[in-house]
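Before anything else, here is the set of structures, which you'll find just below.
Shared chain: chain A. Partners: chain B in the first complex, chain C in the second.
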Partner chain A sequence: MIGGPPKGLRARLPILYPAAMLVVFFVIPFGIMLAVSFFKREPGGFYTTDFSIGNYANLFTVLFGRVLVFSILISAFCAALCVAVGFPFTYFITRMRRKAQVVWLVVLVSVLSLSAVIVAFAWSIMLSQTAGVSNLLVWLGLMEKAVSWSPGFWALTCGMCYIAFPYTVLVLYPPMSRLDPHLPEAAQTLGASPVTTFFTVVVGSLRSSIVATLIMVFAFTLGTYLIPQILGRPQHWTLSVLITDEAIYRSNLPFASAMAVFFMVVSLALVGLTMLAGKAKEPSPR
Partner chain B sequence: MAGLDLKDIHKRFGSVVAVQNVDLHIPHGRFVCFLGPSGCGKTTLLRLIAGLEQPTAGRVLLEDQDITDRPAHQRNFGMVFQSLALFPHLTVGENIAYSLRIRKKAAADCRRHVDELLELVRLPGYAARHISQLSGGQRQRVAIARALAIEPRLFLLDEPLSALDAKLREDMQLELRMLQQRLGITTILVTHDQREAMTMSDLIVVMGTDNQVHQMGSPLEIYRHPADTFVADFIGTSNLLKGVCRSGRQVVISGKTLSVEALPAGVSAGSEVSISVRPEDINVLSGAHEGENHLQGQVAFVRDTGSSVEIYLDCNGFQIISQSTPKSRPAVRQGDAATAVLPPSACVVLST
Partner chain C sequence: MNTRSRLFWSILILGVAALVSQPALAAEKTLKVGVYGGYFKDSFDKHIFPDFTKETGIKVESVAEPTGEAWLVQLEQASKAGVAPADVNMIAQVAMLKGQKTSLWMPLDLAKIPNHKNLLPVFVHKYPDGKVDGIGAVSWYITLVSNTKVFPAAPASWGDMWSADKKDKLGLLALASNSFLLEVTATTFFGGTQVLDTKEGVQKVLDKLAAVKPNVKLWYRDEAQFEQALKSGEIPMGQYYHDVATLASKEHPVRSTFPKEGGILDSGSWAVTKACKKAEEAHVFIDYMCRPDIQKKLSLKVGTSPTVKKELTGLTDADFAAVSSDIKPIIPRYDIYTGDMSDWINQKWTEMITK
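Moving on to the complex of A and B:
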């Protein structure tokens, strides 16, 4: 029994269920989208069955290229920012007493229950000229007069990071809390200061978790389409906004599908490259 | 005096007392074992010395310098953890070179040093291996080599051998002892295995369940002259007999009078005392005999382990265990009448 592959339908049953779920909820919708991306748009109507690569050919415009690059850059930037802040933050949480850890995690999870709309409007009010934090700074005498920071690039960054930060911490928390507390102590007895210990031992031994978290936050922020519309100017709109716009307001599903498929391929290629880079640095077991 | 001094150390975690009233002097260049049952504070004491914990009260002195407030990374004490705590993301060579790298040593120097240390722990050519590709005993040696790379002023080991099987453990005990003698580093090893402590150390510090130090001395001294009933009971097997002291170095034990050679300070006629006698010091004679320190009884049980014979005697309410070699085995069987002879020189009187 041990070692041999499971035989017969009975033995395969446990794996059939997730496989079926994967097919129904992932492979089939993706197949439909892929098929639609080759269809032709019927002006005024829906679309007609066809096989043309016209939709893909239409992608190669300056606008699409600029938005694609911007989407990828801002998502990568937010991922880096979230991990840079979230990693030490999670480390301090795992050093706390059990009760304090639970309180912090509950607070973070409750942030997740806020919808993106609420988060985006909250930030836009907070960064506005009439009621935002700049008024506070004026009152404190740090600024001349109140200004508006939203919409804008930094407002968008704040909103996206705010949404992604709880996920960052929740993904980093399990590997971090499993880290043997004797590892940093061993580094200290070997002469490493607390700061050196943090970078050489804590960061070093959690490198694969860091790469995984970067990828997760990157993919997550790529998909946001509400926040850029509220907190960004039109030049800050990401590809997700463009796709939504094309699909819903212009009812051009074939073109939207083509954009989505292309976007996915590019992101997957980037994720693959990141993983390769993470692997290459790790000492390979021989 | 050179060496490590612990002055009146106390450590509490909240309301839990981890160690208390510790006053120790550890001479330079010795191999010292902290021995005691689980939870007696051995690890805590070692971590206090390493600087990984701060004492609630008391001072730590190294070569007469107060180092109590010096952080761990400035003490230069090599430590081997119970879990070994090898860095999983580094190779064997990188683990050993860690302390050299953060001191910004040249790469060639690091490599040479690593090779020397691997030679020392008898793992030559293992530098490129990954930690996960090593056996338990090999990891052990890597942890030792890593701790020795800083040329420590003090070498601290927390039950490093407890995860190994019996045969490997004995080999490692011997190796560790020889390594320490060759390098001459003051070494403190924590263990709850009294055999390990007896075979390896110059000095043993016995700690008790009250989280205090009960006795410090050479293995023989602790075995022959235990300071109290806890030490007598914890180290090896011992016959502990409760009695009352009488004048003229005599102790009465349930009606029987035993002569002893020496009484501890503070014990006078009328004090309650215990007598500790090691089983191998007791002779058993077949049949009932009268004489000095002769206790008559009945053989309750004979245990033959091959290398030794243990005879359990029932002497009117208390039990006496005697141990002898198979050659000098007394001619008694279960149920026979027999006499235990306790030489006065072997009877150690304890005040508690």
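Moving on to the complex of A and C:
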């Protein structure tokens, strides 16, 4: 049985279940969205069944282009930041005793139980003038007077990285804990400094995991719509915020669907390009 | 009979008994009422629904409606499937008009709502052909609010929002159709909302409104977000709901001011979708809500402005002043958010604030 292709219905049953779930919870909803994106918007009403590309034609505006570019850039930036901090962080965790590792991972996973609303509100208070950390800095004599850091670009970055960070570590942890400890040891025996070892051996041998994590965090942060509303100024609203506005506040579902479909195509294309680039640089199999 | 089969039979009998008793349970009259989640739902659950049930025997199950038009979208979709997520819904005016276009609302029978005679005429909402599709549920003001510690003197005009000393100090609602700032700007600087009849007029108003942007720290969609910042003084001025601001003023340094140009008078209507199967109970409920004593109770306990004529409510002048004002209100131009210009206005609005 092992190694051979499954034979008969019984052997295929285990795969049928996830396949059915994928169809019910992903393919069908996406199909509906795709269909709605071609429907005709009734101004001031709802929509009528139709086949029109008008919704896609309406995408070609300066506003849409600017917001699309900003959404992609901030997600890419957050992905880079999360991996830059998360990579050494995960490396240190894997170097700890087993018990300590478990504690760290449990703490990180528990962060995931917080909803985006709570995270965003907490950050907006922490970065506020009246109750925020700047008051602490004033008390320590590091600052002249308390200032407000939210809403703004860096507040938004903090919020987005905060919710993406646990995922970063959880994705990096398995390949990193499997990394053979003899590799860095060998490098150091041969005279490399710990820093050189880290960048050449550890980073080098985990390059494909890093690319995978970047893509994962990028795709994950693209979808956030609550955090930019609370921690960002209007110029920092991402495409997800505009899609929400169209769908929820203006009941313009066809246009919202068109935006969502286009957004997905662009981000998939970017992910594809990144993977191609990652593959090209990948050393030939050992 | 062994234990296991005895257990099986007992469960079967219990199940059958439960099925048989279903009609008996259904005989109890119930009504699902959709109310804006949060402050309104909490207040209605506490002050209105229990007394209604006591009087009529109709049990109310309240449903929290999400803000914006999300509820309208849900009602539309559900109605196509012949389902009503709630029997009676509190619906904002823009959503009322949008629902009209798809004939979502069930025409109401005024003969079954005798108390409609108490209402101010504006609160009987009609289809273009004259059929009634909504009855005023509550009305409320959006006013100019400020933190009394940061601004010891109360502002007098909406125009104060444009002054240079308000830099980065304002919190305003994020959308054209819920902030009604186009109407505010038009009334304050262009002599009234009729300037919004044309695209050129709207553009002029938008240009004026763009000048307030450096003063705006937060464009909010979620009320809680601004309320918290207003109380603490983090964002010491802005537009907000008069009822909640007045409630907050009892414990926090917050004040709500009717500017000399008038507060924004917005309202919600009771509406029933065509998919509703409890039309009788729905009419009883809507009629109950039009009673002057109930509207008085709403004003006193919830802080909303009455939908019935002032003299019928028996509210004292002081009580009335707390929830309303004799200054002529700014009435939102709901028509421009549902007419041919609506998508254009929304796009220009988003371009203006995100630039």
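The rule is simple: the second predicted complex is superposed on the first by the 272 of 286 C-alpha atoms of A that agree within 3 Å, B and C clash if a C-alpha of one lies under 4 Å from a C-alpha of the other, contacts with A are read in each partner's own complex, and residues count from 1 in each chain.
Here is the rule we use: a contact is a pair of C-beta atoms (placed from the backbone, for glycine too) under 8 Å apart; a residue touches a chain by one contact, two chains touch by 3 or more.
As the structure is a computational prediction, the values presented were derived from the model and not from experiment.
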| item | value |
| --- | --- |
| Fit or clash - chain C, chain B, common chain A | fit |
| Chain B versus chain C as contact partner of A:D180, first or second or both or neither | first |
| Touching partner for A:G8 - first (chain B), second (chain C), both, neither | neither |
| Partner chain(s) touched by A:P18 [first = chain B, second = chain C, both, neither] | neither |
| Angle at chain A between chain B and chain C, C-alpha centres, nearest 10 degrees | 150 |
| Contacts of A:G141 with chain B and chain C, given as first, second, both or neither | neither |
| Contacts of A:T189 with chain B and chain C, given as first, second, both or neither | first |
| Contacts of A:S205 with chain B and chain C, given as first, second, both or neither | first |
| Touched chain A residues, chain B compared with chain C | C |
| Distance of closest approach, chain C and chain B, by C-alpha atoms in Å | 46 |
| Overlapping contact positions on chain A, where the chain C interface meets the chain B interface | none |
| Residues on chain C engaged by chain A in the complex (per definition of touch) | 66, 68-70, 72-73, 76, 97-98, 101-102, 174-175, 177-178, 217-219, 221-222, 225, 228-229, 232-234, 337-340, 342-343, 346-347, 350-351, 353-355 |
| Contact footprint of chain A on chain B as seen in their complex | 50-52, 71-79, 81, 83, 85-91, 94, 98-99, 102-103, 128-130, 132-133, 146-147, 149-150, 156 |
| Residue numbers on chain A that touch chain C, as the complex places them | 41-46, 61-63, 66-67, 121, 124-125, 128-131, 148, 151, 229-230, 233-235, 237, 242, 245, 247-253 |
| Chain A - residues contacting chain B, complex | 180, 182-183, 185-194, 196-197, 200-201, 204-205, 207, 282-283, 285-286 |
